[in-house]
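One structure, pasted below without further comment.
The chains carry the letters A, B, C and D, assigned in the order they are written, with residues numbered from 1 in each.
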């Protein structure tokens, strides 16, 4: 079939035999719970836009395995154009949903494992690449979502995995079994974990020989026995439970993260893509990081587009759009937003083939992209709040508009420029609140710092990747040394 | 009596015959509703700290009217020391509550009206100063909270009050009545409006002769007929309604703003402090702005202290406190925070007596202080989130710790450095979430932009107050012109 | 011949029959005057690197007119690869010279006129494109430098050209003559004007019908009668006149700008590329601006490389390279520098064909690139000075090392880490001084603000090019409007 | 006499029997050499303004030793008012000279030694305080300049003084002698060293028992045998040697630093203020640093005033003063400049008495002040260059205005708004060039980073002085721990 429709995707989610814990509640059908529905709908958009319409060319690609048209979210990139298209697709999704739509980490992880299993085989004489290709073919053919599970719980950060007092603080093999292995541990911040068909587990850091048991990569269906998904809270998440969801800001979409516990889960051999080849862990982490750090110059920029649009629209409603300082702030927001995008595009533009044939982005520029992402959205959000005005956080509930006693006051006193109704103003304000202080801020702000690695991780990579030696030589020559 | 205890204050609030609308609900006893209790408790702290203990000297003063010991929140500042003490008191309150404790705008407004009524009388031969002094004596003697009501709804911002299609977009006198006047309109963003005994209403902008009816200043009890208080929503406000309030972050305190509607309210003559003297409006606004912009270098700095403390404590729990980049980020947070404080202290240090004897801060430095406040808390918040890690926004509910199925996973996998329990870590994370993405962010971030006037208002004042003429002369002399 | 050698270029400069005024001195042979030699040598590097060696592929291209191998500095870009190669070539030149090497504005102007003359002909039925192509063929065949002359003196900036009290404040046609026209006016900031064979003159702003006489574009040899080149001063420029040039910092290279006066200069018909077609002026200015603003993400980044290299080398010499704050500062410098580069690469990556076949960069990203260039080099320079230490500006002359009395003190007391000699340290310091406070700072700092248009010009273009309308639509949809 | 006139000061300088080395030249009379005259004139202004006129109250004080009116530059501060007055005096001097006027480090060092000798005596039973008081009385009575000599040459920065391969890399006692001691070493960056009567030498870092010989503080006349002053170069310093000094920018003033070599200099006992009491070195360094870091919120702010004034005046001349972005940039410059000032004033406002009776500033705020000083002047300078335009660095020499051939072109084409002559414009541009890229930039930019300690030194102090322990307690309480 290769392409699933949005509705088929939602049905497939409902068909999963997994249990998700949402604030103590055991939820089985994720798209039907008001808290988890918006994330499911955001993910579903990745299907809808590949179905039909003008975005189909951007959201689909030709599988290098089968030659079939597949969703680009399952595609192994084989050219600079592919790398660029991914960034453009992510930006488009960001614009459409104004949240984390959760499917890019899995995509980046597929591309990483494709390249790394190839290199592992060459180095260790193993046969992971064929296995992984088989898995990939399965994902592409059924158009599945595979969630990347990387960040371990880490325990004491000053100790490596094998020296932790509690050895389970990093996911690891606890036993070999006939036809597979048993794994234990937990992964944090698993974006879209509750909306995914498959969980794709990889190491989170460089490993040494002592950590051999921690050098595991594998995939298991999300409803595998022993897997537990514990849903994370977000600011203002329960507004989705309120009457009419009047104050949610973003009516259709949202992101979600979960803690994924692997409580002695069995992984069959054909789903194991690394088992003990610890020297490959560092390469895997760096390649994934490069792919994923570039991704942030797509999705976050799309959310930025929405925030800029909402601010511009609100300025019109409130009658401040002609003020020179407002125009200047909007220009600054665009400038910062496009600077993020430019770095992602540039990292793709300087992409290159790995030995497997899969393309990688320029790692220095991808890290540069992400490091700016840890900064600029905060400034863009600040400027949006500046344009919005204090009413952003002092405004009563939109439901109060319907109240017979106080509704008339709201309608009278919260007008903007003549002719604009208060509802338009209030909804735009709630959207800006959502992105800068609500559920949307999880993805637009905090995740912009920590997703795909924290700022310090980027600084370390920039230091490592910068060619300071030749820079010194230029300097020496110029000052006559 | 002059000093009320915290409990007396809460009792007095319960005694108010007003109706507050909280998300469609009509609430009478504000301290007893879970949404509005934390703001009442924050305000109550201004009483508790004047009662006893080491803070009493800072939180009390000697009334220049009665010679009695009064709460400094009702004191007219008569020296540089008074101005400095106010800033220090606000910082202390910020530290104690990590939110907007709501009593400073009223204080700044009392000081403003004290000076401006004096000048009005001198210019117009009126008798407002005596009236106001009488009101002040009442406030001091009964240790009341008076909420400053300044910002009008403004309608079309390109038009002055008298030219608005809807003339009620600015509070104004609609009729003179025997022994007083009738006023109509609404004021926005009224901090602590629902926790106050008195509403102190002043104009929000420069007025011209045409706007004469809008040149009104007065005080009315909060439970006056025709007054309606509509409570504003805040991000994550309903976490206060959840079981055990486990995820509120800040367990005791919160800020609140309300929209205050004056639906043909009668103001008796002895409570009117301006009526038609439109040329005084600009001076009133500027003096209030100066006082209040300096205040932000107190309260927000106190909240900053808490955020710095929470980040430092969390870094220890998570075992990252020795990392050089973490130490650098904490130093930067302190640096930014103290820079805000320094500007407030400096504006007080350069304070001077107005003709009334009340002291005013240096207006240029007060504006400089506030303009930095519109920027630095966002950077401090970003750094706090950087130190906190992604778990800040992906963490399950604290209630999940008690769940028999998933609680054990949380306790096992969310540990920090050996020996620290997960609860400490999770509570610190929730506090940081509260201040940077929750109810606390209303005050720490958005209100830091817009409270006491938006950044552009500060830029305009800085331009006006800067002595560019003499700066040019210095330049001319130096380049030989 | 198509490719000139470096020596042939210098000989050709010596052969020019022009007079350049350097601080009151009439200089004929520019490469032989100590002040103007370094700029000539910087320009000469554009020839040397196309001659032989590993850079030849980057510095040469295949002419689309003749099929011959030409210097890329005379090439009309016909693909995304061409656009990217230009940026990479400029960065390489920046690294090699650490100054403005002066040949890119001409290149960008050739590309602009190639496209605009084509469009002009289509719109006005004129024949400029053939003429210009002929001129281009001449430039390519003889490998000439053509200086772009754009910025007029502007007089009163609030008035258009035709309303200036002195009509000569913008270059304009003063008379038509048989076989050509007479022009008058002056152009400012003409980079490399004194090192160029040809002067390529274009309008500097949008023009209206009234300004028809100002709508002129043409080329004249630099030694045409009536042309006067007045050399601009730079900080520390006369260190080049001192004994041994010990303190110049950059021993071989430098940039230069000149004021170019056109005192009734005759332009023959075949060298006229616009004459009165005023509606084309705006398009020309915008296209040139886009090309040239992207260029800054090449050349300035190369200078940044040198500054980073010098700082890293100096930190080693001074024994501070292991300090975490120094490592952090170097990483930050690289980050900022690469962010500039990324925007230029991205603008090229999104390049497209104009009707003429010549490629244009993405204008939004080019403006975004340049706006960051107006900011980041100042921060990079500040960080370089931070790493360098105060000795950067308190160090005695390098010549003092040879002084019998004080030389020994310098050699003893200005050592760095054991084993490094003081000369290495002092020379690296002088290089950093040159780039951040000396002749190099002209190009690295001030020109980064104003070259290719000032920040406000970029803000205006960003506002115009940003697609706020569709951004608003995304926002409306998401908040349910 | 207590107060010297400006002329007496200059005469006293001419009377010094010292030799200063300026670029290899041995100069005896510093005020008469064109390179060193402007620094002497800047210092002389500290005398002139105490002589007469409206500034006399600010520039003089009453000696606590003699009761006489003395120059405030020799005064021991004994109150908050004294501390504030010092900051205001320094700002005034910065405005008047737009350079480093060189007398504040000595003042800060006098205040430091006054307090530290007192504490040393209490701790070690020594008699330094009386000795120092005697020296101070001498300085006050004769109104002398005493240059603070602190920064050692440091050699290998990873080693303490006593472990350096060359033990002379820190100034130290090499022998005790009857009635005194012999010292050797060199001090760097000695501001005003060549314009001073006395050299006041103190340790530059914390010392241990091993470093006992390095724990020396003393004063010697500047023309003592064995002292060598080697003058540092500055960007564009030799413009002072050019005809008419047309391009100097700042016509009267400049700063200067020198390397001061102590080649076995004898120090008589009564001039020794520390000899071996190594535990006092850290306290001395910290106290001096606090005083001096606050000073930067005076002097640099004064230079900022000039830069703001020059930019505002130039905008008028060039006809851009009405542009909203120019107004915004000027407001931002003022904002940043006043933020620096505010921190200095606040550090003074929170000043306190040391056991000696001399007042100290709040060290945390002083460090906060200085850390901002390492940043904001660069942004102010960037904004000034933005307002100035590219002509700042492409403008020919002012002398060219007099050239018969090219002068008329300059006069015609460099006009600004109608009615302004080119000379005014050119001179203002040269002044801005001076402060941002010339001799003035030494003090305004680089010295703002490194003077009184580098940014990292401030970060370390901020970390140490911040009360993180109580900040954590506030956080714990709020989140219920």
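Following the convention adopted for this analysis, a contact is a pair of C-beta atoms (placed from the backbone, for glycine too) under 8 Å apart; a residue touches a chain by one contact, two chains touch by 3 or more.
Note that the coordinates shown come from a computational prediction; the quantities given were computed from them, not determined experimentally.
Visitor: Work out the mean Cα position per chain and let me know which chain is farthest from chain C.
Guide: Of all chains, B has its centre farthest from that of chain C.
Visitor: Higher C-beta contact count, A-C or B-C?
Guide: Looking at contacts between chains, A-C has the larger number.
Visitor: Measure off the straight-line distance from the CA centroid of chain A to the CA centroid of chain B, and report it in whole Å.
Guide: Chain centroid spacing, chain A to chain B, equals 38 Å.
Visitor: Go ahead and note the Å separation of the Cα centroids belonging to chain A and chain C.
Guide: Spacing between the chain centres: roughly 40 Å.
Visitor: Just give me the whole-number Å value for how far the CA centre of chain B lies from that of chain C.
Guide: 52
Visitor: Show the residues in chain A shared as contacts by 2 or more other chains, in ascending order.
Guide: Within chain A, residues 325, 328, 459 contact more than one other chain.
Visitor: In their complex, what parts of chain B are in touch with chain C?
Guide: Chain B reaches chain C through residues 324-325, 328.
Visitor: Where on chain B is chain A touching in the complex?
Guide: The contact residues of chain B facing chain A are 21, 23-24, 26, 151, 153, 155-158, 165-166, 168-169, 186, 188-189, 228, 230-236, 238-239, 242, 247, 257-259, 261, 263, 318-320, 323, 325, 374-375, 378-379, 381-382, 385-386, 389-397, 399-400, 403, 405-406, 409-410, 412-418, 433, 437-438, 441-442, 445-447, 449-451, 454-456, 459.
Visitor: Any idea which chain D residues touch chain B in the complex?
Guide: Counting only chain D, the residues touching chain B are 84, 95-98, 249-253, 305-310, 312-313, 327-328, 330-332, 334-335, 338-339, 341-343, 345-350, 364-365, 368-369, 371-372, 424, 427-428, 430-431, 458-460, 462-463, 466, 468, 470-476, 478-481.
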